[in-house]
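For reference, chains read A, B and C in written order, and residue numbers begin at 1 within each chain.
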Amino acid sequence: MGEIFLSTEVLVYLLSETILGMVLLVAFAYALRIFFKWDFQAFTPEQFKLEQGAYLINTIAIFVFVMKFGLILYFAYTLDTLANLIPGAMCGAGVIRANGYGSPLLVLKLVILFLLILWFYLNHYDLESRTYAWFRQKSLLFMLIVLLVGGEWWLDFAYFANIDTHQAVSCCSTLFGQLEGANPLPFGLNTTTLLILFYLLFSVTLLSLWSKARYLYILSNLLFIYIAYYAVVYFFGTYIYQLPTHKCPFCMLQVEYHYVGYFIWFSLFIGSFLGINGVLISLWLSLPLSKRMGYWVMGLLGFFVLLCSAYPLVYYVKNGVWL
Amino acid sequence: MIEIEQLHKVYGERVILSDITLHIGCGEMVILQGISGSGKTTLLSLIAGLEKPSSGAILIDGEPIHKLPDRFASELRAAKIGMVFQHFNLMEHLSVAQNVMVPLIPYEPQIDRVQERVSSAMERANIVHRKDQLASRLSGGEKQRTAIARALVANPDILLCDEPTANLDHANALKFIEMMESLHQEGKTIVIATHDPRFNQLKVRHRTIPMVEGKLLHG
Amino acid sequence: MFSSSFWHFLTLQIFKERHKHLTTLLLSILLLFLLSSMLFIASSLRYVVMETLEGEPDFVITRIQGGDPASTPLEWMDPLFDIYGITQITPRVYGRYFVTPKEESFLIVGVDPLEEQSQKALKELLEGIDIKHFSQGDTMLVGQGVARYLKAHYYYDGYKFLTPTGEFISLKIASLLPVEGNLLSNDMVIMPLEVAQKILGYASNEVRDIGFNVPNPDERANIMDKVASLHYDLRIVSKTEMAQRYRDLYSYKEGIFLLLFIMLLVTFLLTLYQRYSMVYSSEKRQIGLLRAMGWSIADLLRLKFMETVVVVMFAFILGVILAYWFVFVWDAPLLRQIFLGSENLPNFVSFPPVVEFSTLGSIFLLYVLPSLAAVMIPVWRVAITDAKEAML
């Protein structure tokens, strides 16, 4: 069990998470104090000190966000390198399933990323207002994020500590394959309908954003993420690997495929998170939608769809047939 | 332009300013006369928003600078207020031009625009011939002129000067007074805190308000 | 936010106050240099080991006696020919020959010069060496370390090996093995198979182990089971297991080193924190002045923080470049002893340049992240200096 901790990547990753956690704790302590004592209308020196403290929290939050972002990528990379140590694993998919902590950890990371983006929107608007209008909400959200990060930190250690390098895990072909004959796609879809839904939802998402239909946008973007995941794993992925039986969301992160997995998942998740959060904020704070946000979202999601579609198209052009 | 209502400032037990009410109109020149310790410096720093009052209000062009979050207060200060200090307060390790550009950096993103405005400010203050000289090597009068250039570079409407002639020789002091007179004629609102009697010889219209122990003695 | 005028002013400030950052810079470069060197050496070694293992046969079988490897009968090769999917069956004879009294040893490797070597590494070592000369039966090829040893002990042309039966076998040096392969071949002596058998005490129908390949990965598990069941005293080891063991070994060394490094790092961070917390009154006045000139706390935070970022990144780039030079051009004198362990025979090794993206990422995370985290609070404390300071 201990061997995992001596792997460089794991050590570096855990150390980084720990440092970020410590820094966040400091911010949390300030945030707590500020939350209870904040009174913008007061003229006391204490209030001014609180305002100064707010700057520390903001700085720490930005720092942590940027670093956490890089750490998620590093985490994905670490999982990949660990695949060499764990029997049976050929990519991150097997590594993540090495124990029960892996998948919840990954999901939690995505949730934290999502909330961090939300916090940034909130912070931006709060600073723009001349009276720190949403200070309380911002602080509450921040404290929630810190608590979640604490949970993530615990899960990090639990996950790595419980990886048994002598216990074989399933490879992605077992996890994602259709060896049993059962249909892994949701709602009993087949590949064609999956693709139709994929492009349809993409169009609806973009159109609803364009026409500022906020609730529709949130709904369609959420659905799009869900469907896109399956589309990438069960269709587009096979063109990336050029093997109709190779279905895996992790293998595409490897160097053989030019790390394209990072681009694909990044554009999908960041684009969606930016958009969903942007719209949520505009609903919550009753503010107009930001045009710039709209462009970014459309750009990222468009890039995602283009990148995915490129693989089967190029394959067809080169070989004259589909897989 | 500057409206001060019932301003109080205390440090712990000590009362620095009590019940200051003052209205300064656009283009006015006001001399706050009083010995050191009378609270003049504190009053100026409150007007500039560098300190917060214990109670009362300060409005710059209608904006409550005492209540704004730091970001907006700083923006307001940068846009509307230029300051000249008793000890010049230049950054000794920088040159004249580099000192003068300081107020513009957060607000003017293009460096060439910055350099343009710095040049014209230095010309206005008659210090452009020393623009690459290190601040530590300047004479008293030159330092003051650099400080003036710096105060003017953002083209503020208001100039606050704290004992500006205290460290100048007679000739330079007179030059300073001349400069203030000319700036007044350009329409700038000028507030000078001083106990230098030479300011009584000002050739332009001005108000002199004595300050004693934190209180204003309106005439 | 980071406009050209901001950068202009930032570089101005850093340059003018360079003495303030000098100690930090030097310490950082030193730390980074150490860290990067170690990681570069590690990744380079990993690469070499993996490359070598590439050439190893997929499976190796040995006979076990009392739980330990014993001499393997040559007949064990026969059933292997019948199993479909097995290729390149190679008997191997090799072992350690101890030259007393210093307990140093040679690695004796017996080869049949006429057969194709299943080991790529061996093949490469033998390339360019005149085999005919070698197969006369009384010559050997020696690695650089062996050659030096022999010379130091006045054996000029060859060496007399003592066999377990008490017989002496004299072998002349045919040629030296190339320097580039030193990581593996340093203490190697390559000789004809039959001679090796004699010196190492194997009978003519015995070998150390038998290697073979299974080109189709799907059949490997199957074949492994089949072969293992051929004899009760047969042990089969797969290449992947060997790879794992090597990786574990290097990982272990790397891990220990990293832990030590982290302790160093913590000291460094505390120094950083302290250094940037020391705000002299002159700096306080400067900050107060900037505030009086209209700089907001956010602007100040940006300025002070970026000052540190620039210093840190500069140290990062310099440290990494220095380490690259040290490891891949100068072959890391002193440091490499830690990784190569106490040498059997002194080894001069050349590290092939291997820079992985993850290595750089690890160095970055291990150094840049903690450094920036350490200065955040001091930087903030400085940035919120009372603007009043300027008025004094």
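Assume a contact is a pair of C-beta atoms (placed from the backbone, for glycine too) under 8 Å apart; a residue touches a chain by one contact, two chains touch by 3 or more.
The shown structure was predicted, so the numbers you read here are calculated from the model rather than taken from an experiment.
Engineer: Relative to chain B, which chain has the most distant C-alpha mean position?
Structural biologist: The chain lying farthest from chain B is C.
Engineer: State the pair with the higher C-beta contact count; candidates are A-B and B-C.
Structural biologist: Contact tally favours B-C.
Engineer: Compute the distance, rounded to whole Å, between the mean C-alpha positions of chain A and chain C.
Structural biologist: 34
Engineer: Can you check how far apart chain A and chain B are, centre to centre, with Cα atoms defining each centre and the answer in Å?
Structural biologist: Chain A and chain B have C-alpha centres separated by 51 Å.
Engineer: If you average the Cα atoms of chain B and of chain C to get two centres, how far apart are those centres in Å?
Structural biologist: 65
Engineer: Where in chain C do residues touch two or more other chains at once?
Structural biologist: Residues 297-298.
Engineer: Multi-chain contacts in chain B: which residues touch at least two other chains?
Structural biologist: 70-71
Engineer: Where in chain A do residues touch two or more other chains at once?
Structural biologist: In chain A, 55 touch at least two other chains.
Engineer: In the complex, go through chain A and note every residue touching chain B.
Structural biologist: 43, 48, 51, 55, 127, 130-132
Engineer: If we count contacts the way the header does, which residues on chain A are in touch with chain C in the complex?
Structural biologist: 3, 5-9, 11-13, 15-16, 19-20, 22-23, 26, 52, 55-56, 59-60, 63, 67, 70-71, 74, 77, 81, 84-85, 87
Engineer: Note which residues of chain C are touching chain B in the complex, please.
Structural biologist: Per the stated touch rule, the residues are 3-6, 8-9, 12, 16-17, 285-286, 289-299, 386-388, 390-391.
Engineer: Which chain B residues qualify as touching chain A in the complex?
Structural biologist: 52-55, 66, 68-72
Engineer: What residues of chain B sit close enough to touch chain C in their complex?
Structural biologist: For this pair, the touching residues of chain B are 41, 44-45, 48, 50-51, 70-71, 73-75, 77-79, 81, 83, 85, 89, 91, 93-94, 98, 101-111, 114, 150, 154, 162.
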